[in-house]
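Look for chain A in each of the two complexes below; its partner is chain B in the first and chain C in the second.
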Partner chain A sequence: MINRMNPSVKFVMITVSMIAMAFFFNPWTPLVFFMGVVLIQLLFATVSWKTWSLMMLPFLLGAVGYFWTTLVFGNEDSTLGTALSLSFRVLAFSSLSLLFVFTTKPVEFILSLMQQLKLSPKIAYSILVGYQFLPVLKDEFFQIRQAQQLRGVEVPKSPVKRVTAMRHLLIPMLAGAVRKAERTAFAMEARGFTGEGDRDFYRKITIGRADAAGSLLILVLLCGSMAAGWLL
Partner chain B sequence: MLKSWKLKEIVLMSLFAVVFGIIYLLFLHVGNIWASLIGPIAYEWLFGIWFIVSIIVMSIIRKPGAAVIPETMAAAIEVMLGNAVGPRLILAGVIQGLGAEAAFAATRYRHFNLGVYMMAGAGAAVFSFVYGYLLGGFAALSTEYVLLMFVIRVMSGAVIAGIGGKYLVDALLATGSLRGYAITKRDAHA
Partner chain C sequence: MRLQSVMHMRNVISLQDVSFRFPDDEMPVFEHVNFDVRAGERVVITGPSGCGKSSLLYLLNRLYPENCDGIVSGTVELFEQPASMYVPGEINRRIATVFQDPDSQFCMQTVEEELAFTLENMKVPAAEINARIQKVLKETGLESFRESVIQTLSGGQKQRVATACAWVLEPEILLLDEPLTHLDPVTAQDFVKWLKHLHEKGNLTVIAIDHQVDMWGDFFDREWQMVSGKHLEPALIREPLRSGEVAIDAKELAVEPIVSPAAFTLKKGEIAVLAGPNGSGKSTLIKALCGLKSTGGSVSPERIGYVPQSPEFLFITKSVREELSFGGGSGIDEVLKRLYLDEVSESNPFAVSHGQKRRTAIGAMLCDGRPVITMDEPTAGQDAAALRELENLIIARANEGVTFLIATHDMTFADRIADSLLLLCAGELSGPYLPQTVWKNHELLERHHLLAPSGGESCDQPHESFG
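After this line comes the complex of A and B, so read on.
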């Protein structure tokens, strides 16, 4: 069901939930919310759990960092509960984000932003162009690197120098991006793309029953976790 | 706002957003690993990296919106690539971009020099800190610690995004690929 939700509706619901979470400093609200999201994922969404754990892992580590920072550097009002709350919040946010990422097709997300949330077609199609260029940019990245290796450019050992050495790859990549942008814009205009708002869409993204059900589910979970925070 | 934009400028914005979106994601993971050791303050040093596309695109195109739109696009690309920060990155992108935009708007989009770029980096840092304060629950931390985080973030914004952005743009300008954009036209007059 979550997979069939309209991406814009899902996006708004998830953003609202996250902002609501920010006002709670008790450990129960984010914990219940986190478990609820995992349960929703289990019951109503198709998710690759292997990738899920892999992507959660860095944030689990981040949550640990949050936990001890709040314990050590917390203000006089904060307790063990607050420290736990902030770490659970990291987990709740990450699980919610993964719920979105795993159940939404990137291209449909942008199309939906344009069709439901009135994002300008100029911007929307430009983002899609950029997205389609990803594999091209990847090839170019390896090409530039190989060319530089052939000419004997060495990769520095120290991590700081390695970051500053990124410019040797970045500048040619960006120069290439400028040229690609020009050519693509030219091609789009040659095919009659004006970017006006009143256009027809080949792929229509709609809002349906799954959206009502999914939104209700998230709202219930949100209210439930707030109630858990007050009661426990 | 988009009426005065040429399509090639918008597509350029988007392609830069893709390149920097990938870099942003890379450093997000670096930040995460670091944050597990030294806590959320780990991100503060790096924060300037996440503002850089605003400064670069604005200095090339020099039109209202050229700071906030590419930053938001980069965030959208990060979400499309898939990561566990997800949709709220877009909100963060808008807010950071507005911070950088504010600095350029304050000069009425007339001055483009290192000082303004550093102000834009700092502006993005201030805006993003307010947002981070709320969502990250910094209210639970002691005032001195929050202040330290704030100062590091603003410095990072001014140095990495401001100076770093200026450096990258100058290098890009030297390649000659930016002919036909505002950056070459106005510099010729000045």
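After this line comes the complex of A and C, so read on.
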């Protein structure tokens, strides 16, 4: 069901939940919310749990880190409660974001932003083109790196130097990207793209029952976790 | 016959005394151009690179002058109305364009989405879009590609999809901006055949730009030379190979699963051409030779030069001179002089002309002490003058004892410079062959998607040339 939700509706609901969460400083609200999100994911969404766990790992470490530093280095006001609250909040936010990322197709998200939230087609299609370019740019990146290796440019060991050495790669890559972008812009315009707002879409991203149900579910969870914060 | 019926048609395009220049340039791109096209005509525009063919084409589909703030004088009439009368996007329904680069003219993922994007732009009601897509796919024979992801298609397929995207608009004029440049010769010929077949379904006007008019057979009614070709520099004389010294020796060179184990040797000063269909592993083989891919087998010497299709991929420094001296080599000044780079030696290598970039890349390889140089597709999109310059550059170096291995589809080019041919098909290397024996061997040519050089057919039927 979560997978079938309209991306814009999902996006709005998730943003609202995050903002609401930000006002609760007790440990229970984010904890209940986090568990609820995992439960929703378990029951109503198809997600690869393996990838999910891998992506969650850094956040989990972050949460533990928060907990530890707040407890040890925090001032006298900070108690076990605030430490737990902070780390659960990290978990709640990250699980919610991942729920969105794992159940939404990027292209559909952009199309939906354009259709439901009236994002300008100029911006929306630019993002779509950029998305198509990513694999091409990746190829080019490796080609340039190979060519420069041949000339004896070593890949430095220290990460800082590695980042500064990137500029050698970026100049030819940007030069190529600018040319490509111009060509694509021309091709789009030659096919009559003007960026005007009044388009009739072939592939309509609709709002349906799944959205009502999904939104309700998220709202119930949000209210439930708030209530948990007050009661416990 | 066709031509006669065309004679009575109205002008769909009419340029009178048109000059065009970019706002920042003092020199015009072209001046005082007169050019008429009648409805139903098929015209090819030729002329050397940089003579403004593309700019002219962009005036016809209204990409210019708006997009570059270009300055146009004279009258440009499209369908007997001044071009400036059309609002943005309006003319593109009637005049559709297919561009040169198959990789940068799409913005959606699948063929269906791309076609729908085009129709949406034209404000075709969503309910009709499905029928229109089905119709165009049927007409173009691309039905099986409807759900295909465009990035995974081959160059030839992409150009067909691009043409379908133009075709779906049901235009009156089709503009083609060097659509064959990135295709191998056999794929290019298939594309022309396909286009011809498609063209029979609706008698529209076609205006194309292309260097290689030969490739199109009898497709065009007329060729319009925008500017007569630049004076070609005289071809250098190739000196016969003197020493039998082996310059490069590759043994059991393999990149699983792309290139099967291959072995060959080239002599000092030899020019070898590596040919084969797109995707047969030419680039991979070359990278393997240069040690850029982990391989089985061995190559001696270890240091082999490499000039990618975009020479700027190699550039690291801020001036041509530094680029040459980057590898710590000596004799920079001499190499600069030999490659005619002294006048740009202090310029930024990214800012010089394409020919100069290529010379800089070769110079850098020579200064790095790499007497064997591999080049990846240096001929794509080059006009006659640039090709001659490239040939002379290679021949002059080879005469000095530099060994070349050049990947290219252009067999006319190969015929002019190659001492030997290496052929690659699905990762299987064969050769070296003598070029002349390959031109006569139809089976070899066909298997490797090659066309004998223009004029090469005369080898087969020597009697015809006397007729």
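Quick note on the criterion: the second predicted complex is superposed on the first by the 228 of 232 C-alpha atoms of A that agree within 3 Å, B and C clash if a C-alpha of one lies under 4 Å from a C-alpha of the other, contacts with A are read in each partner's own complex, and residues count from 1 in each chain.
Here is the rule we go by: contacts are C-beta pairs under 8 Å (C-beta built on N, C-alpha and C of every residue); 3 or more make two chains touch, one makes a residue touch a chain.
Small disclaimer: the values here were computed from a predicted structure and weren't measured.
Engineer: Can A:K180 be said to touch chain B (first), chain C (second), both, or neither?
Structural biologist: Both partners, chain B and chain C.
Engineer: A:P135 contacts which: chain B (first), chain C (second), both, neither?
Structural biologist: second
Engineer: Once chain A of both complexes is superposed, is A:G152 in touch with chain B (first), chain C (second), both, or neither?
Structural biologist: second
Engineer: A:L80 contacts which: chain B (first), chain C (second), both, neither?
Structural biologist: So A:L80 meets neither chain B nor chain C here.
Engineer: Pick one for A:I171: touches chain B only (first), chain C only (second), both, or neither.
Structural biologist: Both: A:I171 reaches chain B and chain C.
Engineer: Is it chain B or chain C that touches the larger share of residues in chain A?
Structural biologist: Of chain B and chain C, B contacts more residues of chain A.
Engineer: Classify the contacts of A:L232 with the two partner chains as first (chain B alone), second (chain C alone), both, or neither.
Structural biologist: A:L232 sits against neither chain B nor chain C.
Engineer: Looking at the overlay, does A:E189 come into contact with chain B only (first), chain C only (second), both, or neither?
Structural biologist: Touch partners of A:E189: chain B and chain C.
Engineer: Who does A:F109 touch here: chain B (first), chain C (second), both, or neither?
Structural biologist: After superposing on A, A:F109 lies in contact with chain B but is clear of chain C.
Engineer: If you stack the two complexes on chain A, which partner ends up touching A:F25: first (chain B), second (chain C), both, or neither?
Structural biologist: first
Engineer: By the touch definition above, which chain A residues appear in both interfaces, chain B in one complex and chain C in the other?
Structural biologist: Common interface on chain A, chain B vs chain C: 129, 171-172, 175, 180-181, 184, 186, 188-189, 193.
Engineer: If you look only at chain A, which of its residues touch chain B in the complex?
Structural biologist: These residues of chain A touch chain B: 11, 14-15, 18-19, 22, 25, 55-56, 58-59, 61-62, 64-66, 68-70, 73-78, 82-83, 85-86, 89, 93-98, 100-102, 106, 109-110, 120, 122-123, 126-127, 129-131, 133-134, 137, 166-167, 170-175, 177-182, 184-186, 188-189, 193, 195.
Engineer: Flag every residue of chain B that touches chain A in the complex, lowest number first.
Structural biologist: My answer: residues 2, 5-8, 10-19, 22-23, 29, 32-33, 35-42, 69, 73, 76-77, 79-88, 90-91, 134-137, 139-143, 145, 167-168, 171-172, 175, 177-178, 180.
Engineer: For the complex, give me every residue of chain A touching chain C.
Structural biologist: Checking each residue of chain A against chain C gives 107, 125, 128-129, 132, 135-136, 143-144, 146-153, 168, 171-172, 175-176, 180-181, 183-184, 186-194, 196, 198-204.
Engineer: In the complex formed with chain A, which residues of chain C make contact?
Structural biologist: On the chain C side, the touching residues are 58, 61, 63, 67, 88-89, 92-93, 96-97, 99, 101, 103-109, 113, 116-126, 129-130, 150-151, 162, 165-166, 169, 287, 290-292, 306, 308, 310, 312-316, 326-327, 350, 364, 368.
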